[in-house]
Each structure stands twice: as C-alpha cells, then as structure tokens.
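Shared between the two complexes below is subunit A, which pairs with subunit B and subunit C, respectively.
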Partner chain A sequence: MRTALVILRKDLRLELRSLETVPAMVMFSVIVFVMFHFGLNTITVKGQEAAGIFTATLLIAALLGINRLFVAEREQGGFDAFLLAPVDRTALFVAKATALYLYLTLLEVIAVPAFKLFLLGPSLGGSLPGVIAVLALANLGIVAIGTLVSAIAIQTRARDLIGPLIGLPLQIPSLIGTARALGPLFAGHPASAPPGKWVAVLALYDVVFALLAYAVFDFLLED
Partner chain B sequence: MTPTRGTVTMSDEPAIRLTDLTRHFGERTALRKVSGEVPAGATLAVLGRNGAGKSTLLRILATLLRPHDGEVALLGEPLPRRAWAVRGRIGLLAHDPLLYRDLTARENLRYHAGLHRVDESRIDEVLAAVQMEKRADEPVRSYSRGMVQRTAIARAVLHRPHVLLLDEPRSNLDPGAEALVEPLIGRASGATRVLTSHDPQAALAEADLVLALKDGRAAFFGEPRALSTAALKDLYA
Partner chain C sequence: MAPPSYSRGLRGLSLLTVGVITLALALVFFYAPLDANQGFIQKIFYLHVPLAIVSLCGFVLGGILAAIFLRTGDRRWDMRSYCAIHMSLILSVGGLVTGSIWAKASWGHWWVWQEPTLVSYLIVILLFATYQPLRFSIEDPERQARYAAVFACTAAVFVPMNFAMVRLATAYVHPRVLNLEGGNLPGPMKLTFYISLLGIALLFATLMKFEMTAKEARMQTRRLRRSLLGDDAVTPLKRSAAPV
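What follows is the complex of A and B.
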C-alpha cells in the first residue's frame, strides 16, 4: 500500500506538471456534447437517450486517459525503475487504477454540468445523489478494465489502436449497466433512484474485472 | 582465480555466475552459451561491438530480461526464479537514465527512495556527491546530458547496491564529472561491477576480468592481461 502511494503521488505530480490527460478528457467530452447538440438538431435530450449519449461519451473520453496511463513508464524508463525495486508488482496496478479513478472523477465533475448545459433537458436536482452513486460504481469497472488494457497496449507498437480495440468491447457491459442505471435518473422524475438490477450488474462487473485485472497484471510486467 | 586490485577486498564466493547463458530475440540469438564467474567486489568489463549482446547481458543480470537457456546466479540467487531476492541490491545505470523528465532531480530521487525504502536523508547525500544540489529542484528536462547522467548515477547508487551494472557509465561526463562520480560507481564503491564502455582501453584499465562478446558468443573470458592486442582488435573488426 505504501508503494502504491509512492507511485500514485508521482503520477499525480506528473499529471499536474504536464496537464496532458485530464484536460484532454474534459475537452473531448465537452466537444462531443456540443457536437450532439448540433448533430441531433435538438435543444435537449432526456431519459434513456440522454443516458446513452452521456455514458458512451464518458467511456470514449476515458480511453484518452487509459491510453496515456503507462506512457511515462514506457517512454521514460519507469517500468525498469519499478521492476528493479524490491516491491510487490501489484502496487503499480493499484496506483495506476487509483490515478485513473481520480481522473475520471475530475472528468465527471465537469462533464455532468456540461452535459446539463448543452444537452440534458430535465433538472438533475433530486437525482444527483443517484447519478453520483452510479458514476462512482461505473468508474470502478472502467478503471479495472482500463488499467489492464493500458498495460497490455503499452507493450505493443500500436498502443493507440489496441486500447480502443480491446478496451471498448470489454466496456460494453459497463456501458449497458451505466446507461440503464442512469436512464431513469435523466428522465426528470423527482428524487428517483437508480434501478437496483442495473446497479447490481455494474457491481458484479466491477468485482469480476477487478479480480481478473489484479490476478493477471503481474504477468503483464514479465519479460 | 581471485583477482585483487587497489584497496578492494574480493571474496572467493562469486557474486555473478553465468553457465551457458543464452537469450534470443525472436529468430536472433543475442547471447549464446556465455559462461563465467565474477567474484564479489570484482569488476567485469564486457567488451564487444554494437549489438554483440552487452546490454542484453546487463538487462538479464538486472532481472529485467529472462534467460532462455542456461543458468544465471546473482549474489548466490538463481535468476529469474529468485529475482525478488536480489532486486534492491542491484544498481543499474543504463542508456535510459530512468528519470522522469517533468520531475526535478529531487522528486525523482524521492520517488526511487520510496520504492527502495531508503531514508530521505540519503537523497541530499547523493545529490551532494554528484554536485547537483543547486539544480536539484529544477525539472530534469532542463538539464544538460552530463547533468542527466550525474543524476542517473545518483539514482543508481541511492539504495547502496551490492552490484553495479554500468552501461557506458561515463558517457556525457566531462573529466571533472568523471572524477566526481568515481567514489560512487568506481572501484572505491566496493560493489561488484559489470561495465560496458565505448572505450575498450579505459574499460580494461579498471577491470579485473574481461568478457569479450562477439555475435553473442564469449570470444574471451579472463584477466585483462591475457587478452592480446590482436584479439582485442579482432573483436571490433
């Protein structure tokens, strides 16, 4: 845990210095909302349609962060430095996953109001706690699979292609669960709660992929 | 054979033992049946043309690459099976300085100190040793190549490694800086050293043993004085 904190602190410092990841994710999301606003030729969307647009945008924006997660390690010798240290290798997974979770949370802090501004019709007032809970759960799944895919992709020459080609199909269950859970919350019913069935699907997805990623991550660092 | 030189005491127990070490990269064989022993505290100079397998050997000893055949033991521990037991006792100075360009020297060293559980007071110690205290709080990307190399040396010795793997350790260093880093990575460090150099004469001058690699094979392994000028010339022909 201590090692993971050391790596996380370094990663956050690097991101604060370079501002390469989170601003790109935020800009992408806002641009997509604006594009949908004009492309759909409608002033507002709501319900399942709004949830689908929002979730798909979020997942693709997350890919920007996922693709960059290990770039500094690959390009600046971070992998070698880490592998030379007498530490548990899963600390790298924990640190990278936590960093990505923080990036996603920051993205959503801006993306949710931006979505409301450009596309979403109904007020979020009473539904906001539910939205936050669903997104917190969705982020866990995105982070588990994203960190794993990023560690695979970074070992290849075509890392920018591998991320989306492997990552997006694996995120489809998360897309379905998040969109279905957000649908009623974006419908404008006062103080609505997310449907339990889809929250359970999301939670199950999170647990399965977190365990899978944790189990295989070690092998990805092997020569 | 127990080489002795200078004030360093070397034991008979080999710090490094290679037995028919072989490593492939796809179809290409980078190292083929390389054998030899290096006593603790000794310096092994690895010579050979570009692509002869020098860096591959260093990366295998650093536990970053697996041998595909043969056996490697470092500090008595067989690799890669017990690699975890020697990590933290190896200092690697490779072509890549293993430093984050957007972090300062001090931040980089703090990160490595965290990974190796080294007390932070050691950071000031190594920064002073390479005379980087004044620029320690500036990002590495603003450094000259020589300053990057000095910081990389500070990084490599931060955790007081028992084995130093030095790939062209004095590249980009001016004579003053070379003298400066001598106590850290030179014979006075007391560590078992494996070094490569673009300057064979300089490497031979500080070596107790020489491994000459030609196309991944050991063309020579022994004391420097036993390596003839003709053999050395042939190595780079």
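What follows is the complex of A and C.
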C-alpha cells in the first residue's frame, strides 16, 4: 500500500510538472463537443442522445490518458527499476489505476460544465448528484480495463494502435451502462435519480473487471 | 518424455465429423419439417446457431487454455489457446454471415440493431479480431505468449458479461432456442438441431486438432533438422502472430 502511494505521488508530481495528460484530455473532449455540434447540426441535445455523445466523448478522451499511462515507465526504465525493488507488483497496478481515476475525475469536473455550456439543453440542477454518482461508477470500469490494456499495449510495437483496438470493444458494456444510466438524467426532469438497473449493471461490470485486472496484471510484469 | 502427439486419432475424428455433418444435413433437408412462418429459409438456423454457439464456446475455451498457460508456464497451452481462438474466429465469421442472411430473409434487413444476440456477437468478434494483431506486434515470443494469454483471459470473461449487458439494453426479437425450459422447438426440429450442433462442434474439434498437429509437426521437423544438420540448416523463424 505504501509502495502504491509512493508511485502515485511520483505520477501526480510528474503530471503536475509536465501537464501532459489531463489538459490534453480536456481540450480533446471540448473539441469533440464542437465537432458533434457541427456534425449533428444542432444547437442543443438532450436525453439519451446527449448521454450517448457525452459517454462516447468521455471514453475516447480517456484513451488519451490510457495510452500515456505507462510511457514514463517504458521509456525511462521504470519497469526494470520496479522489478528490481522488493515490492509487491500489484502496487503498480493500484497506483496507476488510482492516477487514471484522478485524471478522469479532473476531466469530468471540466467536461460536464463544458458539455452543459456547449450542447446540453435541459438544466442539470437536480440531477447533478445522480450524474456524479454514475460517473464515479463509470470511471471505475474505465480505469480497471484501461490500466490493464495500457500495460499490454505499452510493450507492443504499435502501442497507439493496439491500445484503442483492444480497449474500445472491452469498454462497450461500460458505455452501454453509463449512457443508459445518464439518459434520464440529461432529459430535464427535475431531480431525477439514475435508473437503478443500469447503476447495478455498471457496478457489476466494475467489480468483475477490477478483480480480473487485479488478478492477471502480475503476469504482465514478469521479465 | 515424448511430446503429446496431436495426430493420434485425427483420422477417426475427421471421419466421425464427416459422418455426423452428413447426417445433420440429411436431417435438415429431408427430416426436419418446414417452418410454418418462414418456410425454407428457416433451415439456415441449423447452420447459424451451431456456428455461433460453438465459436463462442471456442473463445471461452481459448481463455481457459490461456489461464492454464499462465498458471503452468508451459508454452504448449499457449499454442492450444491460440488454435482455439483462431478456429473460433473463422467459425464466427461464418456465424455472422449466416445470421445476416437469415436476418435479411426473415426481418427484411441485413443488419438489425434491435437484436442483442447479433450485436453482442459482433462486439465479441471485433474484440477477438484484435488477438492476432496484438500477438503480431509483440516480437519476443515468450512475452507474446504471456500477453496474449492475459488478453485471452480478459476477453473470455468479457463474452458472457457482454451478452448480458447487450441483452439488457435491447428488447429482443431473436427466437430463444436454448433457454432453461428446453426451448420451444418441436421434436424433429430439436433432434435435427442437436445433431447439427454436434456436427459443428466436431468440426471445430477436428480443425483445432489439425492445426495443433500441423504446428507440432513443424516444430518437430525444425528440431530434427537442427540436431541432424546443425543450426545453419534451420531458417530462423520469421516474425509471426502464431506461437510456433
């Protein structure tokens, strides 16, 4: 646990000094919103359509962070140093997953207001707690799969290609759950709660893939 | 210790497969009654559904074999896992094409998004289609095997998960053939269906065994050439997605 904290602090410090990942994700998502505005030729969206646009943008923006997650380890020999140290390998997974979770949360803190400003028609007012809860769950699934995929892709020759190629199909159930849970929240009914079925499904997806990623991650570090 | 010989029983298995598939086709065309609503086109069901079921089971089998590889570290399990996924991919393309034809005939469209089974099937195929590019882009064979196995395990867990999610997300129009109540098929159709399923499963087993035999033979030839003619006689392996 302490090892994970140390790695996490290293990653956050690196991000704070280089500002490589989070600003890129934020700018990317805003650009995608603008693209949707012109592509759909519409001023505002609402309901399921809005939820779909938002979730797809979120997933694709998350890919940017996922692709960069292990780059420092790979390029500057962090993997070798980590393997030499007498620490539990899972710590690296926990640290990277937490870092990615924080990045995603930061992204959403900016992307949700931006989405409201640019595209979303109905006011968010009463449903904001629901949106936050759904996104907190959605991030967990993205992070579990994303960290695993990132660790696989980083060792391949075409990592920018392999990452999204493996990652996106794996994220489709998460996309379904998130978009369906957000749909009613973006519909403009005052103080609506997210549909319980989809929140439960999303939580199940999170638990299954978090456990799975935790179990198989060690095999990616045996060199 | 001699390596296990995959070629043993291959001929018997092949003959059995030919026999069962012939029997299944005979049943399909001469025994099973015509469907009251869909008529003759419904008979594609005896090919499409077994292809789909067998390929999905093959994907999961590939994941299980990969998990055994991760546990034991024995590269032969990686080769088996690769063969299972490879053959499932081929069968699954057949399943997708036949499903599309059936959809066109009975629902009027080549592709039906309201149909969760078709959609989740497509997602699974898209996912497993990345298995070979992933393998190909890792050069070190030992690492290739390990990473591919991690991917196969994850993807195998993904198969049932994905089916549950997509089914929840759409109101289904697909006829449920294998449900817990034993389906709603009349007797002759059910018999024909199960024989077809057996036939396709045997086809999968034969093809997988055949691929494993070929890989084993290739490996053995290389070993023999190396020990008899020296290292120079063996051309170095080219970069490849296949384990051998």
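Side notes on the structure shown:
In the analysis below, the second predicted complex is superposed on the first by the 223 of 223 C-alpha atoms of A that agree within 3 Å, B and C clash if a C-alpha of one lies under 4 Å from a C-alpha of the other, contacts with A are read in each partner's own complex, and residues count from 1 in each chain.
The rule we apply is simple: a residue touches a chain if its C-beta (ideal position, glycine included) is under 8 Å from a C-beta of that chain, and two chains touch if they have at least 3 such contacts.
This is a predicted model, so every value here is computed, not measured.
Applying the stated clash criterion after superposition on subunit A shows that subunit B and subunit C can sit side by side. Contact with subunit C, but none with subunit B, is seen for A:162 once the two complexes are overlaid on the shared chain. Shared-chain residue A:3: touches subunit B; no touch with subunit C.
In the superposition on chain A, A:87 makes contact with subunit B only, not with subunit C. Once the two complexes are overlaid on the shared chain, A:196 sits clear of subunit B and of subunit C alike.
In the superposed pair of complexes, A:78 makes contact with subunit B only, with no contact to subunit C.
Put subunit B and subunit C next to each other and count what each touches on subunit A; the higher total goes to C. Applying the stated contact rule after C-alpha superposition, one finds that A:39 touches neither subunit B nor subunit C.
Of the two partner chains placed by the overlay, only subunit C lies in contact with A:180; subunit B stays clear of it. In the superposition on chain A, contact of A:219 is made with subunit C only, not with subunit B. Using the contact criterion defined above for the overlaid structures, shared-chain residue A:125 touches neither subunit B nor subunit C, since it reaches no partner. For the pair subunit B and subunit C, the minimum alpha-carbon spacing after aligning on chain A is 6 Å.
In the superposition on chain A, subunit A positions 222-223 are in contact with subunit B in one complex as well as with subunit C in the other.
Within the complex formed with subunit A, the residues of subunit B that make contact are 62-66, 84, 87-88, 90, 92, 94, 96-103, 107, 111-112, 114-116, 139, 155. By the touch rule above, subunit C contacts subunit A in their complex via residues 70, 123, 126-127, 130, 133-134, 137-139, 143, 146-147, 149-151, 153-155, 157-158, 161-162, 164-166, 168-169.
Remark: subunit A residues 2-3, 6-7, 9-10, 13-14, 17-18, 72, 76-78, 80-87, 222-223 touch subunit B in the complex. Taken together, the subunit A residues at the contact with subunit C in this complex read 145, 148, 152, 155-158, 161-162, 165-166, 169-170, 172-173, 176-177, 180, 197, 201, 205, 208-209, 212-213, 216, 219-220, 222-223.
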